[in-house]
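What follows is a set of structures to go through.
There are two complexes below, and they share chain A, which is joined by chain B in the first and by chain C in the second.
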Partner chain A sequence: MRTLRAEWTKLRTVRGWVVALLAAAAAIIGLGVLPGMQGTCDATCRLPVGPDGTEVTDVLYFVHKPLTGDGSLTVRLDALTGILPSAPDQQPDPTGGGPQHADGDGGRPGLVPWAKTGILIKDGTRSGSSYAALMLTGTHGVRMQYDFTNDIAGPAGGGPRWLRLTRAGGTVTGEVSADGTTWTKVAGVTPSNLPATAEIGVFATSPQYTEAVAGALGLHGASGGPTSATGAYEQVTLTGTSASGWRGDQIGGGGDRAGTSTQDGDRITVTGSGDIAPAVAGPAGLGVTITQTLAGTFAGLILVVVVATMFVTAEYRRGIMRTTMSAQPRRGRILAAKAVVIGGVVFAVGLVAAATVVTLGQRMLESSGVYVHSASLAVRLQVIVGTAAVLAVAAVLALGLGAVIRRSAAAVTTAIVAIVLPYLLAMTVLPDTAAQWMLRITPAAALAVQQSTPEYAQVSNLYTPVGGYFPLSPLGGFLVLCGWTALVLAIAGVLLRRRDA
Partner chain B sequence: MIVVNGLRKRFGRTLALDGMSFGVAAGQVTGFIGPNGAGKSTTMRVILGLDRAEEGTALIDGQAYRSLRRPLTRVGSLLDASALQPSRTARNHLRWLADSQGLPARRVDEVIELSGLGSAARRRAGGFSLGMRQRLGIAAALLGDPAALLLDEPFNGMDPEGIIWMRGFLRTLAGQGRAVLVSSHLMNELQDIADRVVIVGRGRAIAEAPVADLRRTPDGSVRSLEAAYLELTRDAVDYRAHSGEVA
Partner chain C sequence: MTAVLRSEWRKLSTSPGTPWLLLAVIASTTGVGALAAATVSGGDRVKTALTGVQLGQAVVVILAVLLISGEYATGMIRVSLAATPRRTALLAAKAALLTSTVAVTGALAIGTSLLVAHAPVTAAALRSVLYLCLMALLALGASTVVRETGASIGLMLGLLYLPPLLLPAITDPAWKRHIQHLAPASGGLGTLAWWALAAMLLGAVTLSIRDA
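For the complex of A and B:
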C-alpha cells in the first residue's frame, strides 16, 4: 500500500507523463470525432429492425397469399438463375455508403453465393417482420432460416427439387424432396411472432455482389454491384384456409431494382434483388458501426505504451531504481505497485476517452450523413470498458517489457513493435490472411473488444479488421493480451529479483 | 550497529569484494576510505540489499536489509546524488520517498529545512548543481530519521561552504547517536570529522582503527591521514594499475 502510494506520487509528479497521458485521451477523442467520412444518410435513413431488435435487410420479391391457421405450401423448384453485374466497377466504397446501383447494363448470368429463392411465411409484408423460410441458395445449398439471424443448413447441391413448408401452430417445418414423394425434414423452427393469419408464398432475392480490391500498398477497397435471382416454380400447391389468387409484392422498397413475377396456373416465376438477413456494416452493407469512432485508439496506445515503458526505464536510466529498491527491498512489490498504478491510471483515462468518443463520434458521423449501426448498451459497455481495459493491460505489458529490457529506447521500440505495430499493419497494408493471424496471436488481438456487430456466416461481407470485424471473440482477444502480459510480468519479476539493482 | 562480514563478489572476471569485513558503531562517524575501485560503493550496495554478495553477510542490528520493513526508518543512504528524475521537483522526490515509508508530508518539510534546501525544494531537480543534489540526497537519507546513515562520497561537487556545512552536519548526526558511514577517496575531508576509519583496497578492509591511532607513526609523531592511507594502500594502488577500475 505504501509502495502503491509512492508509485502514484512518482507518476503524477512528472509533468511530461501526465501531459502524455492526457494527450493519449485527446488523440483517441480527436481522431474519433474528426470529420472524415461523408455519407448520404439523413434522419429518415434507418434500417428496419427484426423481431429481436437487430437491424436487418428485408428486401425481396414475394408472391403470397394469406394463410389462416395451419397449412402447407408445396412447390417444385425448376431452376434458380441469376444476373451478376457485367463487370465489377473499380470504385472502392470506403464510406460504407449504400449499395451502388448498376448503370442499367444487362449484366451477365450467374449467382452470388447467397442468392435465395424458396418458400416464405411471414408476418405480413412489413420490413423486419417475423418469418420462416425454406430456400435454395446460390452456393450454400438448401437452408432453413427464420427471424433474420437464424440459419440452419439443409442438403447441399442445386438442381430441380421439391420444397415444402408446413405451419402447425407456432412451428414451421421445412422439408425437401428430390421426387415429390420421399421427404426429408430440414428443420422445425418457431418464429417469434407469427400471427394467426400469415402471408405465405414464394420469394426471390439476391444480395449485392462484393469483392475485395487490392489497391496501392495493399490497401483494401471493395467493389461490386446489385444482382438478381430468379426462381421458377411449378406445381405450387397450398393447403389450408386461404384466399384465392397470388399477389406479388416488393418488400422493403427496391427502387429501380424492384422484383417481378409472372403467373401461369400453378406455375410462378419470381425475380428479386436484395436480401432477407441481418444488416451488416461494411462494403456489402450500409454504414459503419460504433467501432469506427475508436479509430484513434492506436494513437492513444502509442503514447500510453511510451509512458508505461518510461515509468520503469527512466528509473534505470537515472539510477532512481536503486533508491526505489532501497525504499522497498521486496522488489516484486515494486513491480506490482507500478503495474497497478499505470494500469489504473490508463484505465481511467481510457474509459473517459472511449466513452466520450463513442458518444460524440457517433453524433459526428451521423451529422455527416453516415449511417451508424445501433449498438445495445451491453455492446457499448463492452466496447468502451474493453478499450479502456486493453489500453490498461497494454500499459502493464509495456511496463513489464521496460523492467525486462531496462533501456528506454530499446524497451519503447520493443513495446511499440510488439503491441502497436501488429495493429497498425493489420489495419493497413497487410493482406487479409496475415492481418487475421496478427490479430490472433499478437497482443493486438485484444482490439477484438471493439467489435460491435457480429459476423454472420449467412451474409457475404468483407469481414476485415478495418471494417471492425476481428478473428477472435472480444474476451478471447483480450485474454491473448493478458497472456502476453502475464508472461512478460513473470519474466520481469524473476529478473528483478535475480539481477543486481 | 552495522556489521559487514566476509563479503565476496565478482563482476565478470573482476573480484570486486574479497572478504570485506568491518563494523560501524553508533554515535560515531566512520570514514570509509580507499581508492576508486577498492569496493566502497559495491559494499554499500550490498549492505542496502541492492547487489547480492556471493559470500558473506551485511547486517543492520542483526538483520539483513532486505528483511527490513520501512527500511528508510532504519538506514538512510545516499549513493548517487544524481539519481533524480530531472523534471520532478526536489519536494516531490522527497514526497514519494516519504509515501513509500508511510511518513507524513510534514516530515518532508522538516528534512528540507534540515538539509538547507529551502525554497529550492520547489524547483525541478534537473536544474540543481551537484552540491544541491547532495543536500537533497542528505534530506532523503534523513527522511525516516534512521539510526544509521550510509553516505557515498557526499562531498563530491560541494563548494567550500557546503563542505564545511556537511562536516558539521555529519558530526551533529553522530552526536545524536547515529551510526554514520561516510566514504571518500580524499583523506582531508574525513581527517577532522571521522572517529574511526576503515581503509579498503582490493575489495577488503586493510585497516580498521580510530583515526588517532592511524595518524600516530611508530616513532610517536603525528602524520596526516593521507600519509597513513598512502602507506597502507600502496598494494591496492598497484593492483589497480594492473587490473583497471571497478566502479
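For the complex of A and C:
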C-alpha cells in the first residue's frame, strides 16, 4: 500500500507527465471533434429499422398480392440477369476516399455477388417490415433470408429452377426444385411479425457495386455504382385466399432508379435495384459509425506510451530506482504498484476522454449532416470502456518494456512500433490477408474493441480496419494485447529481480 | 571545426549503442522489405521493396534523437559545450556526422532491400536515402529543442505515423490534401527538407539561448 502511494506521488508530481496525460485526453477529444465532416442528412434522414431494431436497407421492386391465412406461391425462375455500372471509374479518387459513382447510362451486363431475386412474403410494403424470402443470388446460390439479419444457404447449383414459399401459421417454408416435381426443403423460418394478411409475390433487387481502389499514400478508397437485377418468372402459381391481379411496387427510396415489372399471363419479369439486408457503414453503405469519432486514439496512445515508459526509465536514468528498491526490497511489488498506478490513471483519463468524444462527436457529426449509425448502450459501453482499457493495458505494456529495456529511446520506440506500426501497415501498404494477420497477432489487434457494427456475410462491403471492421472479436483482440502485456511483465519481473539496478 | 568533428566522431563511434542501431536500420529495412516483397505480388516492385523504410526510419530517428538527448541525459552536454563554446558549431558537427552516417547506412539498407526483392535500382532508391537523411536531421533538430529522450521519440514517431492514421477520419478533401502535403512523411522531399531546416534552425536557436 505504501509502495502504491509512493508511485502515485511520483506520477502526479512530475509536471511533464501530468501535462502529457492531459494532452492525451485533449488529443483524443480534439481529433475526434475537429475533422469537419460535412453531410447532407438532416433530422429526417433516418434508415428504416428492422423488426429487431437493427438499421436496415429495404429497397427493392416487389410484384405482390395480399395473401390471407395459409397458402403457397410456386414459380419457375427462368433467368437472373443484371446490369453493372458501365465502366468502373479508372481514375482513383485523389483524396483516397469516398465511393465514386459511375452513373453511365447503359452499363454492361453482369451480376454483383448479392444480386437477389425470388419469392418474398412481407408484412406490407413499408420499409423495414418483417419478411421471409427464398431467392437466387448472383454468386451465392439459393438463400433463405428473413427479418434482414438471418441468412440460410440453400443447395448449390444454378440454371432454371423452381422456387416455392409456403406459409402455414407463423412458419414460412422455402423449397427448391430442379424439375418442379421433386422438392428439396431449404429451411422453415418464423419471421417475427407476419400479420394474418401478408403481401406475397416476386421481387428483385441488387446492391451497389463496390471495388477497392488504391488511393494516394496507399490508402484504400472505393469506386462503384448502382446495379440492377432482373428475374424472369414463368408459371407463377398462387394457392390460398387472395385478391386477383398482381401489383408492382417500389419499396423504399428508388428515385430515378426505381424498378419495373411486366406481366403476361402467368409470366412476370421484375427488375429492381437496392438491397434487402442489414445496413452497413462504409464504402458500400451509408454514413459512419461511432468508431469514427475515436480517430484520435493513436495520438493519445503515443503520449500515454511515452509517459508510461518514462515512469520507469526515468528512475533508472536519475538513479532513483536505487532509492525505490531500498525502500521496497521486494522488487516485484514495485513493478506491480507502478502497473496499477499507471494503468489506473490512464484508464480514468481514457474513460473520460472516450466518453466525451463519443457523445460529443456523434452530436457534432449529426448536426453537420452526417448520418451516424445508432449503437446500443452495450456497444457504446464496449467502445468507450474498451478504448480506455486498451490505452491502460498499452500503458502497462510500455511500462514493462521500459523495465526490460531500461532506456527511454529503445523502450518508447518498441512500444509505439509494436502497437501503431502494424495497424498503419495493415491500413496502407499490406495486402488484405497479411493485414488481417497483422491485426490478429500483434498488440494492434486490441483496436477491435472499437468495432461498433457487426460484419454481415450477406452484405458486400469493404470490411477493412479503416472502415472500423477488425478480424478478431472485441474481447479476442483485447486479450491478444493482454497476452503480450502479461508476457512482457513476466520478463520484466524476472529481470528486475536478477539484475542490479 | 575539424577538432569538433573529430570529437563528435569519437563520441558517436565509441558509444556502444551506435553499431547496434546502424545494424538495426539495415535489418529492419531489409527484413520488412523482404517480407513485403514475398507477400505482395504485382504492383510497383520497387515501392514494395522499400516498404521497410517505414520501420527503418524509426530506428534512424532513435539514432538521431540519442545523438543529442543522450548527452542531456548523462550531463555530457555541459562538457561538450564547455569544450566547444560556439554552440552552433557543435550542432553543425553533429548534423554533418549524422547525415553522412545515415547516408551510408541508408544506402546499404536500401541497396540490400532492392537486391533481396530483385527490384531494379531507380531514382526512388536515391530519394529514399535522401529521405532518411532529412528525417534524421528533423529528429536531431526536434530533439535539440525537446532535450528529453522519451518525449523526443514520441514527438517524432507521432509526426511520422499519425498523419496517415488521421487521414481516413477526415472527409473534407481540401483538409486531406493539406495534411498530406504538409506531413513530413508524405509531403515529398521538398516538404521534408523544409521541416528539417525549420527543426535545425529552431534547435540552433534554443541551444544558443538556453542553459544546458
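Annotations
In this text, the second predicted complex is superposed on the first by the 479 of 501 C-alpha atoms of A that agree within 3 Å, B and C clash if a C-alpha of one lies under 4 Å from a C-alpha of the other, contacts with A are read in each partner's own complex, and residues count from 1 in each chain.
FYI, a residue touches a chain if its C-beta (ideal position, glycine included) is under 8 Å from a C-beta of that chain, and two chains touch if they have at least 3 such contacts.
If you're wondering where the values come from, they're calculated on a predicted model, not measured in any experiment.
Legend: residue contacts after superposition of the two complexes on their common chain; A:Gln292 is shown touching chain C, with no touch to chain B. In the superposition on chain A, contact of A:Ala409 is made with chain C only, not with chain B.
Once the two complexes are laid over each other on the shared chain, residue contacts for A:Arg2 go to chain B alone; chain C is not touched. When the two complexes are overlaid on their common chain A, residue A:Pro329 makes contact with chain B while staying clear of chain C. Touching more residues of chain A than its counterpart among chain B and chain C is C. Looking at the shared chain after the overlay, A:Gly319 reaches chain B, while chain C stays out of its contact range.
Judged by the touch definition given at the top, the superposed model places A:Ala501 against chain B, while chain C stays out of reach.
By the touch criterion defined above, A:Gly16 reaches both chain B and chain C. By the touch criterion stated above, A:Arg108 is placed in contact with neither chain B nor chain C. Where the contact sets of chain A with chain B and with chain C meet, they give residues 16, 314.
By the touch criterion stated above, chain A contacts chain C in their complex at residues 16, 20, 31, 35-38, 94-98, 216-217, 219, 292, 295-296, 298-299, 302-303, 305-306, 309-310, 313-314, 317, 407-413, 416-417, 420-421, 423-425, 427-431, 433-434, 466. Interface of chain B with chain A (complex): residues 45, 48-52, 65-68, 70-72, 77, 79-80, 82-89, 92-93, 95-97, 99-102, 140.
Within the complex formed with chain A, the residues of chain C that make contact are 36, 39-40, 48, 51, 54-55, 58-59, 61-62, 65-66, 69-70, 73, 148-151, 153-154, 157-158, 161-162, 164-173, 175-177, 180, 186. Chain A makes touch with chain B in their complex at residues 2-3, 5-10, 13-16, 314-315, 318-320, 322-330, 500-501.
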